[in-house]
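Dropping the structure in here first, questions after.
Chain nomenclature is as follows: A, B, C, D, E and F, assigned in order of appearance, with residue numbering initiated at 1 for each chain independently.
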Amino acid sequence: MSHIATASAQAFKQELPYYEPVGNECALFEQAYRQRLPLLLKGPTGCGKTRFVSHMAAKLGRPLFTVSCHDDLTAADLTGRYLLQGGETRWVDGPLTRAVREGGICYLDEVVEARKDVTVVLHPLTDDRRLLPLERTGELLEAPDDFMLVVSYNPGYQHILKSLKPSTRQRFVAMSFDFPPPRVECEIVARESGLAFERCAALVNLAASLRAMKGQDLEEGVSTRLLVYCATLINAGMPILDAACATLVEPLSDDQDVQQGLMEAIKATFG
Amino acid sequence: MSHIATASAQAFKQELPYYEPVGNECALFEQAYRQRLPLLLKGPTGCGKTRFVSHMAAKLGRPLFTVSCHDDLTAADLTGRYLLQGGETRWVDGPLTRAVREGGICYLDEVVEARKDVTVVLHPLTDDRRLLPLERTGELLEAPDDFMLVVSYNPGYQHILKSLKPSTRQRFVAMSFDFPPPRVECEIVARESGLAFERCAALVNLAASLRAMKGQDLEEGVSTRLLVYCATLINAGMPILDAACATLVEPLSDDQDVQQGLMEAIKATFG
Amino acid sequence: MSHIATASAQAFKQELPYYEPVGNECALFEQAYRQRLPLLLKGPTGCGKTRFVSHMAAKLGRPLFTVSCHDDLTAADLTGRYLLQGGETRWVDGPLTRAVREGGICYLDEVVEARKDVTVVLHPLTDDRRLLPLERTGELLEAPDDFMLVVSYNPGYQHILKSLKPSTRQRFVAMSFDFPPPRVECEIVARESGLAFERCAALVNLAASLRAMKGQDLEEGVSTRLLVYCATLINAGMPILDAACATLVEPLSDDQDVQQGLMEAIKATFG
Amino acid sequence: MSHIATASAQAFKQELPYYEPVGNECALFEQAYRQRLPLLLKGPTGCGKTRFVSHMAAKLGRPLFTVSCHDDLTAADLTGRYLLQGGETRWVDGPLTRAVREGGICYLDEVVEARKDVTVVLHPLTDDRRLLPLERTGELLEAPDDFMLVVSYNPGYQHILKSLKPSTRQRFVAMSFDFPPPRVECEIVARESGLAFERCAALVNLAASLRAMKGQDLEEGVSTRLLVYCATLINAGMPILDAACATLVEPLSDDQDVQQGLMEAIKATFG
Amino acid sequence: MSHIATASAQAFKQELPYYEPVGNECALFEQAYRQRLPLLLKGPTGCGKTRFVSHMAAKLGRPLFTVSCHDDLTAADLTGRYLLQGGETRWVDGPLTRAVREGGICYLDEVVEARKDVTVVLHPLTDDRRLLPLERTGELLEAPDDFMLVVSYNPGYQHILKSLKPSTRQRFVAMSFDFPPPRVECEIVARESGLAFERCAALVNLAASLRAMKGQDLEEGVSTRLLVYCATLINAGMPILDAACATLVEPLSDDQDVQQGLMEAIKATFG
Amino acid sequence: MSHIATASAQAFKQELPYYEPVGNECALFEQAYRQRLPLLLKGPTGCGKTRFVSHMAAKLGRPLFTVSCHDDLTAADLTGRYLLQGGETRWVDGPLTRAVREGGICYLDEVVEARKDVTVVLHPLTDDRRLLPLERTGELLEAPDDFMLVVSYNPGYQHILKSLKPSTRQRFVAMSFDFPPPRVECEIVARESGLAFERCAALVNLAASLRAMKGQDLEEGVSTRLLVYCATLINAGMPILDAACATLVEPLSDDQDVQQGLMEAIKATFG
């Protein structure tokens, strides 16, 4: 079946994913990699953290292992498990173990969502020992120089039960992300959607006014991803207001008053 | 046994299910499908979301895999499991995996009910990678162009513990559904129940006044489905008030005062 | 062993269980069956819902599969499981699957007690598709015309965590049950206990006054079942007050004041 | 090993356990057994419910299967399980199933402590069908005439989460137990401990004054069992105050003031 | 490997562990053993309960099986389990079962911490039947005369969810423990640590003043065990204040003010 | 694969890890080891507890087994498990069991995070018996003289559900840790990062002022580890303010005001 690929193949085959730097983030990522320090990315939904990590992985020529963390993710989901096959148990490495064995970048997206036993694997990997103990197999892996651990979370909607303990946080070099500045965001949207740059510029301007509404009625501002969706539908011939409603209004809120406020801002731009 | 069919056979064998469009929903669904964007449907109980998805799946010629989500639904319920059979473990694809492999539409009804680990499969499938990692088998499936993910929920009775995180919501093109306008609803009820159009019109008028009671005493307004039930029983010869009581009153509330209010509205129309 | 019978044998062998209709309930049940609509019964403890379903199943000549729902009942308890036997796993149908395969009536008593994943099997069975997907076996069963789903609950002691979601409720034709009118209840008690009709009449009169105490001090009024118990013990020669204490007082309350109130009402009738 | 016996052997070998009737409890138990009605016993800790059931089981010549219920007791603990032995799964009947198959008395002590799925086995066994469905084996057992179900609980310390639902309670004939009257209790204590009747009488008098303190500072009054313990230690030569402290004070309370109050009452009798 | 021993070997090989009686505790323990009554010990942390039980077990010549109870300890942890070994399941007795089979003393330390299903094994073992039913193996063990059950808990820090139900408590002969009187505690500390008696006397005096601070700022007073630790370090040559800080201050509290208060009391004695 | 090493090999191969003593901690650790007493370390995140234990293990020539405790860590994670391999179950020792068998130091970092059943293994190991019972294998291991148990926790962010019970705490000799005094911390940072001593001195001065902000807005003060990270990046050529922002600001707080306060303190030193 042609659409099957292995996880590491995925990482190598990709050409350098497009990423437009905003500040010193590329230098900091590269230095952290060179000094074998783990990295923590903070920032809102859809501002480009995942894309940035893909870009850096390709630039550094390392395979990338991405894991979207969630309430039920355990250490075993990261390190691996014995599976029963043909009457025989066989150990299957998880994505973190593969990254350590093969020397790649393991990216744990929204790490605060994961269950607490992931600390058992993060702590020895993030001090000077850089070790990954696999109790089940009895192995103790030393991370090679080209292994790097990257984690991220969104400080905007953490709550008490979901936060990194200081004893875990203080093991990472950290940086904050935000939405890209307008010119950069225009280039991203134009490139991803195929819509003309000037038309994208109008969308990016609109995004700024929609993002200003955050905190009052909106949990999160509109993401770059949604701008790309909107531009894609417009480029496919959908009327602008229809496309904007389906991508910049409905995904952000269920509240009719908020939706109306968003729609008015859109009509003020495109109406 | 003649009443056994496989899941994908189901999808193909059905002729185009009847669906009466109300706005631009068919165009938006089709564009989302063509642009490979995931879709989020919002709307009240029984307003026709499931029917709409069936209709579009048949129109686009794609098999449909529907999953009613619930409190205990996990990622493994969607992706698949190893089952022990004859002393041998065999991998059995879940409905989402089948939709990805076969190029079909996977519809997760009331997705907010599902457990949080479904995000681990939704996130990589809903960004530009369109990947479904199967950690258990070691496969990484790339979704073909004719795969589409559709999810739905009812904004009317979400609560704090049951909502989509912004980081998930902002991955979807979205649209709102409501009950169809009277003429369309009449046609639906007449067609499904076999009752004459004019008698259905009276039922639809009644529905409007019953729906107006929502929020005060009723959690949800009467659904199109219940109107079809009512018309079906009337068409089978049941007295109108008996049929209305069993389909438009008893299923909506256990409260005697509310039931009496509903019954009076019914008698005012049919008494 | 002579007292072992299979579940379906049970359903067929029984002669028509005695049931005394009160209103249009038999007609409504039969029409719902004929129109292939699922049915929801609401009513207090011990008012005869289970007996009514047994009666209708026998009358319609269909096997009956009854399940008492509880806090830990899951979808798999209804649909079936793989069991390991002799080193080989074998699929064993649950009661719902058997009802679908064999064309019978499946009755889920106190359905609100069940766990939430039962909705995954109820939803596709209760819309126009009438499907039962068995993910574990890969089967998708179409319910035959002679399959019917009946569920019940007691609106008297639902609480917030235990109620049917509107999206589930609105899939059912529904009716309310209450205790039978005095003459009918007398006939039931006389027939079941063997006690003379006139002596049963006194018990039924007493029941009316005991039921009037509900809500003040009693969670539930005395059931028809307990009247039958009482009449049975009296018919076996037990003194009336002893029998009434053991069946109409002690099972209803642990509170001494309430017990005394009940006992006084009994003595006023029989003392 | 000589001290191993099978569960049913236990029931048969025992001679009639000593039990001193107080009211009509023996007649009521016997009638419930003869009429095939399930029985509910209510009463405080250590007042003789378990002994009473043993006595009646022996008198009726039926094996007795006693289960102490607790927070984690499930239906499977009562009905049975498949156990893997020698690579082969073998079904092992639980105590309730054995009682149904062999025609015995199953006694569920403190039934309110059990998990809620026990209702799934209690309900069909306690209506006129008297059935025990074993879903795992596919059997449906009809209880023979000499099967009886007895359950008990202590109304003194039920709480909201631990109570029988009315739909379960109203399936039982019920009776209340209390501590035996003084003369009877003396006989019991003398017989069990070997201590002379007159010395037991003093202990029973003391018990009455200790029980009067219940509710103020004591959760439960002193049980007949503890009186037997006390008499046993006195009969073995222990000083009365030491024996009373170890059996009538320390087991009842950890509070020093309460202990002192109890001790003073004891010294007033024996000091 | 020379430091491996079996559990029962442990019990027999030990010479009589040193224990200094304070009151009638040895006589009461022995009488409970002779009369086949279960025993409940109450008392603060580290006051010598475990040592007392070891002493009595050795004196009575019975093997001792000690279990430290905790939140997740279940009945199966006490009775035993089937373990899969070499493709074959084999039953492995738990410590309670071993004590019953071999005729020994089973000591459940801090029994209130255990899960509630332990009552299922405690109840039949603690009434006149003295039975241990092993449902999994189908055995019903009768405890031999030389079996004894001892349980303990600390009344000082019980809370609502963690207490013995009266129906369980009232099955035990009970006694309270406290720290030993000064002369006895001196002898214990001197014997265990090797430090001269007079230097131990100073420590025991100090302990009295530290224990007086309990309840105000300290959850628990200093235990005899910690006095032994302190004397051991002093005897090994550590400066007194260093030893006292590490054993009598740091283990008791994290609060700086409390620590300072303790340290001042220490300096007042030794400074 | 060259970067695989076994757990015990790890412990032996390492040369003496650098550790700069502050007070009597080395003497106390060594005496506790010699006297076979378990040790409890208390102190804030990143102050060097783990490094200290590594240092002492190497100095005493004992293998070190470190376990980062977490919410889901159970006794079995420490003692071992049966694993199914090749159709055969094989016992695999956990890190605690290995330490006992091989005579090493087992270090449970943040022990209060572990589940409560770890007390079942800690208690018998921390009294004079020094035993490790392995119920699953039936072994009872006596700890050899060169086994030592060390545990730690951070008193700064314990909460009610996460604390050591007094009955556990009072089994340990204990000591408090804090950040090292400036000169020592400078040496550590210089040695670990390669940055010149004088430049490190400025960082350590800065740390003192940042730590003074703790309690007001910061959960934890900056750790020595983060100072090392900062010095490492500066030494690699990164601008000082960029390095400080990524290591001394972003890892400590997500709050913009707090970040600004930290940044101002940094600029005051280096700006």
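Note that contacts are C-beta pairs under 8 Å (C-beta built on N, C-alpha and C of every residue); 3 or more make two chains touch, one makes a residue touch a chain.
Since the structure is predicted, the reported quantities are computational estimates derived from the model, not experimental observations.
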Moving only to chains each one touches, count the minimum steps from subunit A until you reach subunit E.
2
Neighbouring chains common to subunit A and subunit D, by label
none
Would you mind working out whether subunit C and subunit D touch using mostly the same residue numbers, over half shared, or mostly different ones?
different
Inter-chain centre distance, subunit E versus subunit F - centres from mean C-alpha coordinates, in Å:
30
Approximate Å spacing (C-alpha centroids) for the pair subunit D, subunit F:
53
By the touch rule stated above, which residues of subunit C touch at least two different other chains?
84, 87
Would you identify the shape of the chain contact graph, picking one of line, ring, star, complete or other?
ring
Residue numbers of subunit F touching subunit A in their complex, please.
1, 3-7, 9-10, 45-46, 50, 66-73, 77, 83-87, 92, 94-95, 109-110, 113, 154, 157, 192, 219-220, 222-223, 225-226, 229, 232-233, 236, 238, 242, 245-247, 250-252, 254
Touching subunit B in the complex: which residues of subunit C?
24, 27-28, 31-32, 34-35, 37, 40, 42, 74, 82, 84, 87-89, 101, 115-120, 123-124, 127-128, 131, 133, 135-136, 138-144, 155, 158, 165-167, 169-176
